[in-house]
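See the structures that follow.
Presented sequentially are two complexes of chain A, the first with chain B as partner and the second with chain C.
Now for the complex of A and B:
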């Protein structure tokens, strides 16, 4: 940010860069002696990342993480035992049940917001919507705190089922568009990643050489942090072009594609694994659509059925690759669904008592926090809201969630200061 | 040789200015007083200050700062060959009077005031046209500000001015924040909930004093107009508690400016509070409107914050950095880099009755503005930003980048040629403006945020691989590649290319590089010309206003 750089204000964020260089981002022209290659490599091994699965529309807690069979609200499905002793979940999640010892459940969630947009704000930012303040998404916060400026991959990647790819600068709020989400529509590569067809690699290289010569002459007497950032952006682009294969699912063996499932969400989970493995900091995968005002049960058989296997496969694969302990997983929605079954066999929006699942980095596998009453109509114990979740994510990633961002010398608490982490699910 | 003489001459002038006694200040033009203030703030000014910018550097800079684009190559050539002694002043006067300047300044004020928020109630085209015609008429800033803060959106003639309020849904907290930031240079946002924890000058009472002008106002869709307009109640006090106050004492304030006196409100007879009483479907009009008083109270020559804010913002526009920086954090613990200069500028702004064009002209006339951006010392050794002894690099805004690329690739020339005798500024703008949106999306800072420079990966990919710039480098009658492909002499190619992209002639090393590149690719000369042009357009020299 030009502003923080030139006013010299102390931007005491928790960024790894800030910690390493003693100065933020490209403001750090002089390399700190701490930034030795070995030290940097060590940090890279400790690199943490986040996988967020977004069940769009509001998935039913009763058909997933907090079933209540045999009650007036329970619906037709039974529960099944899981790999975590004593933890039962919906029978619609047989594959996920086998990963439960690596996952944790928060069952005492009351977000008190039944509107899709506002619920989404709470679950992405850990704050309620305010008229004069926009808060950054968890993905943007993680991109800022965990990301590495030299990483050519965008810090916050969102794999969407469809729609336009591109940058959604709103998501990053005051953190700035560098930390905004980049949508990969249907998992396709970012825009303009391919060299123009009528430009050969050789000619491309030669025109870049010419550009670099021109820069060298100009920058002899005009080099600044801004010009450095600009010339480096071409190097980053070049590096990402070389990582083109990350976005090519056809490089995966057919058997692997089969395990994830030959449907959109399966392919998107597989893409998420490739990206996380390839160094991405934060990957969000959206799965649509759980807004089941009609025929809640038929829809959940389909939707949860589609979710279950790819998700469980992804958890298993991250574990096998040794990435699970450094990858925070969260499965969230705008809200849950009403315990009361409406006349169309649907369930409506419901934020008073619902659940999310967590896993991986910093999370105590097999744990459960909070509980709802017998038929799931209120939180009976361990009530938390979106702010507590946000603290929990940060804490699980190893941050002090009570710290501030400093924007224009203004301290801004990273997470809602009135909330705190949920100790029961933290390792 | 000429350049060297120029440099020496300017150093002499700078030294003389620095040493000149400051007598008769009142009659001294503002630009000279600016130069004296900048020189006086730097003990070793004469030794360290950069010389006057070359004609080419000046030409590029003044075009970008006053019209948001580059000069066509033939104009650049003519200016560089012009031997008239006052050609710089003549050029800036021509640009300031041009329709392109009014259009550009309107766009600058649009981004400043609307911060790229998505359109809600007033279509952006109408708002831009309102700003453009205001700038073309050189409407004083206080008048413009009063119109913007006062329009209720009912009269179609003044409705565009209401965009600032209407498109913020007339939400009083959003308006209080943005009016304090954008019109007064003080970000009072923190004071919604408490006195600012780190800035002693910013009090919760200040926030609610402004808020009290606005909290009776709301948006109402008028059933006959079928448009959102402003409705205002005759009651509703601005009350607040500090979240830091354990006793939760409720305070209240009437409308007043930060540190201004309380506003005298007329007594209104009970039962006669409304001209039009509120119903769910009618726009309420109170007999006494608090909101109507905001513009006249705030946009005044005796409002220190109002005049400092606009002086500082225009200074930042031309010089690349506010004297108060960031622009919306004017307070005693963040003093201006040159306090007396800012006072001078603010007072001058008021004395010239908020004449924006006249003020910009004085800034452009100053040697401070016309200094070179090439520096003698290395940037690491010294923090130079706030000294103005070297001109600062200004990253092109998304709009400037789009317009400059269109001009440099010759899309602008080709469109002008295609319009033939029907060419006017408005006609050309209509053809070119649709190309700007992808640049705003890719290079902009996002809605509601101050423009900040951030070189990002997707921007590099857009420039390197995207179809936009590549399309503009396809030969078309009158465009750059078309012109270059007609030139057989490599030096002539180099000259035309450098004048188009960099607004200067190439030096010997650069001519040789172009000649070598062309000689290696005789078989695909058009592609070679495209690649060369791209290399210059993608370089830092192009990306920055220097």
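Now for the complex of A and C:
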């Protein structure tokens, strides 16, 4: 069966140029060794990109962004003041607290979905899971809208704590495998990135051309999502080989590695910074695990403690390198955790009143949208859902979130048409 | 907690004595040395004192976070919270107020112990430290670094010359009070810890710890066989260590499968070990040190979170998730009075 992706015609393609008025492609220019540093930096700042931190399993809003100490649901932790006047967060986030003037909180989130898989769909696509329709991840949408075809890096990179790595074509849905996420297991470059030593450059090139020739002939009659994903994975591997230095954390000064932390998440955040600085469009870093039905507080000490410093260091580094204003940051989960503390010191799944953090490009630093009641059981003011967040991300990046993709001439709204951006957190 | 003299009691007699109710889940409890009161720390940041006989309830306010650690130095209650503070209280005052507040640790204070001579307080916490304090004036006497993770428990040996501390990873350090800068030796309760590779997190720790009366045995309570850290799928275990040799004497397990954590342990002066668990409900178990399986158990009405032995050795106190401290007697339950024989029906009058 032939696949129908968002068509590539000039009428229907929503590219970064279309939305942003024709900014120059960064990827091609950044490779020019003669380019002056100041000009390179200016171009780098024009290129917008996204950093998504995914707290896998559902982090507790009460132990992060919306603490309620001294209440029946508050747990044992205290709040701390932050660099944003009047904004207090959990004491587990002392480093992040110092970056709060660069971040914003959405505390009125009600996604009404307590299932891990379905919650993840909402938070990645801005839509509820539907049996007849798969929606593309934010990463794929950004790869499509922000990415440049000449950029040798995949448009949507996912750094995972473990797994096999590889291409996840389902993430791109109708946008097609070109915009699928590429997982980097444990932040490592994909396996076999280096050309085998017994293969000459010429032989490698001839081999590559032969494969392209065969692929094209095959695709003329049998273009499917599977075959295209197969071809795409070769192309991405080829492109990545040219950027292999980005994956070499050993090129970082030891003091920088220490600032991020030598644990997995520290290394992964440092890798994210290198990739974003090196031209990546969308980098997602997953941190595991927050599904704390048991011993929520001990586990949040460990997990949030591990998250805090590398994340804050990454925000600071992006700022110092002049990239923060052009990099949208979001910290999200499938859902939050129950205000009620269960009999095993745990918190269960809770999507009715929870929080996410945003920052950087297009975001009003130090702002807070929405409010929960005194013990955090319901949203008291400014309730929003995943659709609102999706609009907000697009708006922050400078896009008109009401526009459409087109599949077979059929308009498909990029974001849920029933929702709108969250004005309070937008710059 | 240990008690003297050692009454000969049969744990199979254990039965519920009284319930003392609060409106917030409880974390830890202790009897005061006089045996008049039971104190419990709660999730509402309060300590609750109940007079055992009258049931009179008094709230002690002053902590800023949850309280699990309670200890006594003569008539002083010493308590610690998860905000890093230690408070001293007159235990038997009509309305106790803190007489001293120590900013003791960075992060949670997890356990307290008072030396047998009553002069030194030991505390431990999430800053990986053990700290020794003068009970008389609250001054810091010494810090003992050496653990590389959260320190969950601390206890003085009955000889007063040694201190033990135990951490998340099941490392048990023995400190000589003459040479307190270095751990004298290490004991192994690592079976009470696991790094769950699926969830990428540590689980376990020595949640309860107690010496027997002469200090020959050290009991460490916790969870083992963890297959799912975040759902708490594992089994309670008491690691019984021979203090002198440092060797493991016994691993005390429930005879009937139970899912959860052993939160409290005491070694009774008569020699048996009592432990409580919470997880999939609550249980109280009794073991003999030479036998891995319990010889008697009692299903509890809720998740148990700690265990204390009354100075008379005849009663236990258990704080529960449902906000109730329940005391249990180890003595035979009083026999219910025999019902009075029903009076014989009066003979029917003969019809004449």
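Here is the rule we go by: the second predicted complex is superposed on the first by the 343 of 427 C-alpha atoms of A that agree within 3 Å, B and C clash if a C-alpha of one lies under 4 Å from a C-alpha of the other, contacts with A are read in each partner's own complex, and residues count from 1 in each chain.
We adopt the following convention: a contact is a pair of C-beta atoms (placed from the backbone, for glycine too) under 8 Å apart; a residue touches a chain by one contact, two chains touch by 3 or more.
All values reported here derive from a predicted model rather than from experimental measurement.
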Item to check | Per-residue touch tally on chain A - higher for chain B or for chain C | outcome: B
Checklist entry - Just chain B (first), just chain C (second), both, or neither: which does A:180 touch? => result first
Next on the checklist: On the A-aligned overlay, A:302 touches which partner chain: chain B = first, chain C = second, or both, or neither?
Outcome noted: second
Checklist entry - Should A:70 be classified as contacting the first partner (chain B), the second (chain C), both, or neither? => result second
Item to check | Contacts of A:207 with chain B and chain C, given as first, second, both or neither | outcome: first
Checklist entry - Looking at the overlay, does A:279 come into contact with chain B only (first), chain C only (second), both, or neither? => result neither
Next on the checklist: Touch test for A:94: chain B only (first), chain C only (second), both, or neither?
Outcome noted: neither
Checklist entry - Do any residues of chain A touch both chain B and chain C, and if so, which are they? => result none
Checklist outcome for this item: Residue set of chain A touching chain B in the complex reads 1-3, 6-8, 29-30, 131-134, 152, 154, 166-167, 169-170, 172, 174, 176-178, 180, 182, 190-196, 198-199, 203, 206-208, 210-211, 213-215, 217-219, 221-224, 226-227, 229-234, 236-237, 240-241, 408-411
Checklist outcome for this item: Listed in rising order, the residues of chain A that touch chain C in the complex are 57, 69-70, 72, 75-78, 161, 264, 288-289, 291-295, 298-299, 301-303, 341, 343-344, 346
Checklist outcome for this item: Per the touch rule, the chain C residues reaching chain A in their complex are 24-25, 43-45, 64-66, 81-83, 107-108, 126, 150, 198-203, 205, 229-232, 260, 278-279, 302-303, 321
Next on the checklist: Which stretch or stretches of chain B touch chain A in the complex?
Outcome noted: 171, 173-174, 176-177, 187, 189-190, 192, 197-199, 321, 325-326, 329, 334, 373-375, 379-380, 383, 385-386, 393, 395, 441-442, 444-450, 452-462, 464-467, 470, 509-510, 513, 517, 527, 531-532, 534-536, 538-541, 543-544, 546
